[in-house]
Amino acid sequence: MQAMTQASLRYLPLLLLALGWEVTARFNLIDSQALPPLTHVASAWVDLVRDGELVDNGAASLYRGAMGLLLAVVVGGGLGILMARWRLLDVFVNPLVELFYPLPKSALIPVTVLWLGFGDGSKILLIFLGCMIPVTIGAYNGARGSDQALIWSARSMGAGRLRLLWDVVVPSALPELLNGIRTALALAFILLVSSELIVSQQGFGYLIGYLGSTGAYEGMYAVVLTVAFLGFAADRLYQLLMQWLLQWRE
Amino acid sequence: MRGKIGLASIALFLLSVSLAQADPLQIRGAWVAPVANWFSMWLQKKDLAHHFGQSYTFEATHYAGTPPMITAIANNELEIGDLAYSTLPIAIANAGMEDVRVIADEFQDGVPGYRDDEYEVLAAGPIKRVEDLKGKIVATNAIGSGVDVAMRAMLRKHGLEANRDYTIVEAPFPAMKAMLAEKKVDLIPTVLPFALDPELKKIARPLFTVHDAIGVSQFIVWTARKPFIDAHRAALVDFLEDSMRIERWYLDPKNHDAAAQIASQLTKQPPERFGWLFTKTDYYRDPKMVPNLDALQKNVDMTKELGFVKASFDVKAHSDLSLIEEAAKRLQ
Amino acid sequence: MAGIEDTASLATAEADVTHDAARRLDAVFRGGAGVFSVLLVLIAWELFARSGKVTAFMLPPFSAVVERIYVDAVSGDLWINLGLTVARAMTGFVIAAVLGIALGASMSRSRLIRWFFDPIISVGFPMPKIAFLPIIILWLGVYDVSKISIVVFDAIFPVVTATLAGIAAVDRELIWSARNMGASEREVMWQIKLPAALPQILTGLQVALPISLIVAIIGEMVMGGYGLGGAMMSASRFADSRGVFAGIVEIAVVGYALIKTMAVVRRRLLVWHQETAEHS
């Protein structure tokens, strides 16, 4: 009960903001077209869910985001760990990671479209390319830090190369790898929404742009807030997953 | 036993081959503006398409403008392009798709007695002449599109260059009226059906037309790539025959009310607003779907002269009108 | 309960990656060992583009892209676009830095301010702020004000959290002893807390810098006009692939230069920081 009161006190400012929004819009303190009352936004949200637009576009976005991120985790994580264990690969690939890291990934939007068109493929490729680097760096650092003594003792017990990687290196790389994936998760949302906003025929970003350009501002706000909430929720859920994984490792 | 499995698998294989051959050809078409582009209302009359589902299937996809279609064509996401006089040379000369062929007319702009698209400003606004656009924002549906290049051509005639003298922003056609009304932009292109919106007429007035900028234009053409034509000629002629039957149905004055009804459903506007549909207020559409290649050649050359494409080319050599000729014969 | 601490860990997660990349960037390139593999990739690009397996529309040869950059540099277009993009990203970044540090510092001093902003920051940080771009355009139009505002909006969060976390980690005794010696709250903030939190704050800035660039380019792609992002979109519409790839190379160089400069600034500032710590 006390925890509840505490939580509501903590999040009271958000409620105040929402109230402030509603009042500002209701009393036309700002041009009401540009700022529709929150209650109208809520009813627009219900309409969008009902006629399926939000769900269809959302499903397309989440599929793209999930596929791109999954690929980034598998390939990036694998690459990072292999780089840490295999000197030759490290020497060759590391400079490319360094060079690619500072590239603002949004610059790739027109190129992935050029290569794969307007559908899912180009977004998945963009998210994969954009998110791979933080995962690779996380896995690399984690795997390099793994305890040499542990590796030796595992070897002396006759563990094979793969076994060694899976049983010793991966678990010890986990905390940093998971941190890298968290950065990638945030980046995936940014790239997803912006690429859909710029070149797409489906998805959250497309819906935001479409509603905005036809003057359906209530709907546009509804979708923007939905995406923002999903980004926040994804991060929180991921944190829970991280905690669980790290506990399981112990 | 083994022999039986072998025979069965051969039978299965043959069956799958014959099934594959019987599969209708997938044709995807593009459209930008509802009603103005045939593919936006093609499927509504698919009852007239005798070969639909037999030799081919058809799917219509919406694009914000003709330029994104080039990328889609290059990625085999689009079989029948709906390209403008400007995006055709962009596809052929800039993107290097030498195998793109003009196969049919969609509509022509500025043909005497027919519709000529306008560029409008606020009636009560400060812009009286083209020169007044210096330092202003102009809207376009997509950079490089037919309306975009004609607009740039007009502004260049008056000494104004994009970026240097004015800013171009992209916005979908349905949003243009709101953008102008809210003074977010100072000039908008108006195309059918949005141009005839009575609310727009109340607030806006034309500053110049496409004809002022570039003369008569073969504004939009249908295109297909040569390897695709060669591989699926029969199915394509079927498709064009059906398309022509649908076009003739729409153009027939007898069907005007039914057509207005369809347009009303598409645009969620009352059917009374479509009195102009397929009359002389509408764009010129060739009843045999034959494009005006001489006009198109001039438009392409002009796009080259303006510096939007690297090189010009012989439009006739990049056309294949034999398909629509064959289709037209079947309809006689 | 979820709170700003969780968000701070997101900043650290990003900072770990940022940091490490910046540090190794130096080491590898000073050694020149990386030049080999980078060259190899560029040669592979050139050969693959010329092999006939892809069209020049899909992938123009690297040499053609370099030539295009040269032509743009001579005509002056490159410098206008480059200058504007960097100016927008850096203006947004500096505003975000100043506001972010100020907000972080005030949150650490005032319970009320902290109470109000804590949930906003912790909920706002993991959100994809770029989704708000159409709303910002709706309010502010398509000129520089919008393009810079979206950068500030996106870049400010890591700065606030890093400042807050940095100040929270300052040695209590240091602050108490300063107060005992009669330092005012203002002096404590400027002479003790902020300098001691500097490493963390700089880390926050190092996270904010690449975000500023990413967002500035997205803003230009959506809103058009001059700038590297706008030029890339325009080139893409005209099927001018050389222009698109030239944009990527230019943006990569800008990103590399800015992030490297930031790493140098950090080293300089922290050297000063340690020296003063030793002298006093």
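For clarity, chains are labelled A, B and C in written order, and residue numbers in each chain start from 1.
Keep this in mind: a residue touches a chain if its C-beta (ideal position, glycine included) is under 8 Å from a C-beta of that chain, and two chains touch if they have at least 3 such contacts.
On a predicted model such as this, the values are computed, not experimentally measured, just so you know.
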item: Chain whose Cα centroid lies at the greatest distance from that of chain B; value: C
item: Central chain (by mean CA position); value: A
item: Between A-B and B-C, the pair with more C-beta contacts; value: B-C
item: Chain centre separation in whole Å, for chain C relative to chain A (CA means); value: 18
item: Computed distance of Cα centres, chain C from chain B, in Å; value: 42
item: For chain A paired with chain B, centre-to-centre distance based on mean C-alpha positions, whole Å; value: 37
item: Chain C residues counted as touching two or more neighbouring chains; value: 57-58, 233, 236, 241
item: Two or more partner chains touched - positions in chain B; value: 68, 71, 74
item: Residue numbers of chain A (touch at least two other chains); value: 113-115
item: Of all residues in chain A, those that touch chain C in their complex; value: 3, 6-7, 10-11, 13-14, 16-17, 34, 91-99, 101-111, 113-115, 133-134, 137-138, 141, 176, 179-180, 182-183, 186, 189-190, 192-194, 197-198, 204-205, 208-209, 212, 217, 220-221, 223-224, 227-229, 231-232, 234-236, 239
item: Complex contact set, residues of chain B against chain A; value: 61-63, 68, 71-72, 74-75, 77, 171-172, 174-175, 178-179, 182
item: Chain A contact footprint on chain C (complex, rising order); value: 1-3, 6, 9-10, 12-14, 16-17, 20-21, 24-25, 28-29, 33-38, 41, 57-58, 115-120, 123, 126-135, 137-139, 210, 213-218, 221-222, 228-229, 232-233, 235-236, 241, 244-245, 247-248, 251-252, 255-256, 258-260
item: In the complex with chain B, residue positions of chain A that touch it; value: 33, 113-119, 199, 201, 210, 213-215
item: Chain C contact footprint on chain B (complex, rising order); value: 67-68, 70-71, 74, 90-91, 94-97, 137, 142-144, 163, 167-170, 184, 308-309
